[in-house]
Amino acid sequence: MGDGFGSRAFRFSSRHVVTVLLLAPAAAVFFGLFVASLSFFFVQSFWKATTFRVVPDFRPFNYVDVIAGYGGPLLRTLSMGLIVASVTTMTAFFFAYVVRFSLGRFGPAALLVALTTLFGGYLVKIYAWRTILGADGIINSALLNLGLIDAPLPFLLFNLGAVVVTLTYYLLPLAILPLYGALSDIDETELAAARDMGAGALRTILDIVLPQARPALMASFALCFLLAAGDYVTPAMVGSPGNAMFGNFIQSQFGLRMNTPSGAAMSFTLIAACMIVLAAVGSGLRRWLQPR
Amino acid sequence: MQSPWSPSASLSRRRLLQGAATIGAVSAFGGVARPAFAADPKRVSYVGWEGYDSGFHVGSFLADNNATIDTTYINTSEDMTTKLRSGGVGTVDLTTYNHMYNPLMGEAGLLTALDVKRLPSFDKLLPQFKKMAASESDGTCYGVPFTFSSCALLYNPKKIPVAPTSWKDFLKPEYKGRVALFSDMLTNILVWAPVATGVKDPTRMNKAQLDQTIEMLITLKKDHVRAMPASLGDGAELLIRGEADMIMGWEPMVSWCKAKDVEVKIAKPVEGTWAFVDTFNIAKDAPNLELDYAFVEQAISVEAQAAFGNANLLGVVNADAVKSLTPEVKALYDFDNLDAYFQHARIYPRMFGTESDGEHVTYDEVLDGYERFLKA
Amino acid sequence: MPPDALLRLDGVTRRYGDHVAVAPTDLSIQAGDFFAILGPSGCGKTTLLRMIGGFVAPSAGTVWIDGADVTRLGPERRPSGMVFQNYGLFQHMTVRQNIAYGLKLRREPRARIDAAVDEMMDLVHLRHLADRPAPQLSGGQRQRVALARALILKPKVLLLDEPLAALDLKLRKTMHGELRALHQAIGGTFILVSHDQSEVMTLADRVAVMDGGRIVQEGSPRDIYTKPADAFVSTFIGEANVIPGIRRGGRIDLGPDARLDHAGRDGPVNIMLRPEQMELDPPSGAPSLEASVVDLIFLGPFTHLHCALDDGVRLLVHLESRKLATFPAPGGRVRLGWNPSEQLVLDAP
């Protein structure tokens, strides 16, 4: 310090060097792995596939084919993503809200319990839910033992409801974290002030809490939506039989059919459709939560 | 679609939970390189099902040949093709295609034509397999049979007192919601096409027959099926947990279920079923051709075959190895009357055509049909 | 309850576990009062105010506002409005939206809301900031928004929890003026919590002094200043010299050469004197003490003399500079006296 201009200049440039060095690995990963491979697939999505072979071409029709051939599964996948993301985000919000504003000193413990569900593999959780919902599962056994039913209820498993339950359980801790972070930043006094001005508890949540948690709501929603819409393992294992998701068809293009162009076009269609959905949800939230 | 028939799922029977990982996002190309332990051993590159490489570790085979094996386990057959097409030719030594793919892959220049005279154990193969190796692809052998099994109709005799006699029993109203298909394209088509249409060789069916088959599959899926398990382990789980009482299964599942105290029997539907025969192939331009022959020989040798069959409850091809099989395995594959077994579980000589011959459906058309089933 | 009491507390109590934050308290506040609750940190002021506003449920007792029992009502159903210690402005709203929020909840017509908000913004000088988002306001501006936001609902009682504590001295002085003007203009009932006695003196027409969860004295600021109930109140309101002594048989012994007549019970007592009630070189006959000068601070019209008695008791004397012929020098000895009619003798606890 205080050595005049030279040392100051040096400090500035060394700081820049440090910044660049710190950013370099992330940038390398981003451009090297993500951008490069995606652009490669994007180019391929316009190529032509013959039997087990791919030929450079320019075929925008690949995309038309995707919409015409897989519109149904795409819609089904997006709706499943929407349902799961909505249920999960709402549940996560109320959990985070209670932890933040109602539980007092027990809040952190409850949060910790919720986060411990992060442990355990993805497949283990799916099997756990099959065990819970299955014919000889906990729910059915309990109902049978209580004499409430005399045969296991078959409709607990292998349908959309089971998919939503399983994915919600899996995604919940991931959705809680950003929301709890956002709610921690909201001053409790604001809630008290709203109450003081005549707002009931629900009104306060709608007018004061949700608008300020909107970025986190959106982050949680997007996270859940993208993971749910891209998932085809859970639907295959607890969903309606053979109710294939868009991801199954993408995988089939890359795998069984070795049709990289079509697989790539489907991938980009899914990405674009997801972005459209998220943009719509985002602007809907923005409009809904705008102070009037 | 992933192939749930993939033995990788079946072989890990002690890890039923992980069995489903075959359909997960696990990379097919995350090969595990074994460290070298001898001075300059030759490295043989294996791209195939997990567990099929176990025969190489029987006895002192690797040490005797001063070789190590670099394994890349696959999740679907297509993974092998992808690997070979993307720079694998010239670096890959061994693959394990189902025999139906061999003519196609051989003609596409991905596999080496084998000289079976260089395999001393070849003569000991059961006649069915010797004939298969010699007759397919106009007499050129692109793969040596190594193991077999079939898609068996499994049922729980406690829940279904009378043994089913036809795959059509799946459609009976009393079993509605108690049956399970598998989610593998090839198996579903090859098993159900003869049921729906009476066609003898479903790889040679016409468009109308394919449509009929798909219609039947859609009916099954919509109105009768409880689940389409995602892997073999998953299928056995359905029987064990009582979610399904009758499934398209696989012989080893009988023993898996027994290990969980659930009795499961194999029915013999009149329409028969499809037999899977997996082979060992040497890739085109394999870097260690001489050594690769030794590897294939080892895979079909008596000791390796017996060990493999007993460990995995799978059929063996070496006639001399049959003696060393446990009674359990012998019974599963009816080794006392193998002809009857293969009369029931049929071997189809080759895949669907890739180009249209104007009469039979092509591979692509079958895939389109199957996707129609999935979308329905 | 007297017919004109707007707010009444009957035995209102709040306990947190074993800790009594507010001991049973009775209080009446008349309509139109500017009432102040004064006390040191942690004495229970906020808790008491929050029980009036409905944010904290009393452990016992009843809260009456305008003749109605509101003890069980939440804040949204009480005719009170609150300005919080840290304001609690809605961070995602502009000044205008913050002020309009309460009226919008009441579903008043848009035009009426706009007019009322404009009027309120004029009153608190915020018109030019109408569309500025809350996080971009200065401390004083925030305080005024909080005030306007509460006032626009015309609460029967406006509760102010140390609203000026976060402001610097100069701004606080300005805001004092504005608050007074507002109270006069609106004519509502204000209850102000503060631990700043000068603020209370400036603003309030009635004061309750709290200590350890109870109200120790209530009255006009002048009453409390001139007739503090005990030594705590005397030192808390304004500055005070407390000289300990012993009373025996109607005489109080303050030191070797200082005693004065004062009837009462035998035992230790405190004599309380404001700094301006003491003088240098008193006329003979007046009680006096000898002390040494510790420091002398010249403040223009006044001079503050810090002294110490020989037994260590500190004394502060405010002197009018123009009445001083000579300035005592630090280290020197002085004689300090007072007019016994101004002294306050309190039995020491």
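To keep things simple, chains are lettered A, B and C as they appear, and every chain counts its residues starting from 1.
Following the convention adopted for this analysis, a contact is a pair of C-beta atoms (placed from the backbone, for glycine too) under 8 Å apart; a residue touches a chain by one contact, two chains touch by 3 or more.
Model, not experiment: these values are computed from the prediction.
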Chain nearest the global centroid, as defined over all protein CA atoms shown: A
Label of the chain whose CA centroid is most distant from the centroid of chain C: B
Distance from the mean Cα position of chain C to that of chain B, given in whole angstrom: 89
Rounded Å distance, chain A centre to chain B centre (Cα mean): 36
Computed distance of Cα centres, chain C from chain A, in Å: 55
Contacting residues of chain C [partner chain A, same complex]: 53-55, 74-76, 80-82, 84-94, 97, 101-102, 104-106, 146, 149-150, 153
List of chain A residues in touch with chain B within their complex: 51-53, 69-70, 72-73, 122-124, 126-127, 130-131, 134-137, 152, 154, 157-158, 232-233, 236-237, 241-242, 244, 248-249, 251-252, 255-258
For the chain A and chain C complex, residues of the former touching the latter: 186-187, 189-190, 192-200, 203, 207-208, 211-212, 291-292
Of all residues in chain B, those that touch chain A in their complex: 1-2, 17-18, 20-21, 23-25, 76, 78-79, 81-82, 85, 108, 177, 180-181, 183, 185, 221, 225-230, 234, 237, 241-243, 354-355, 363-364, 367, 371, 373-375
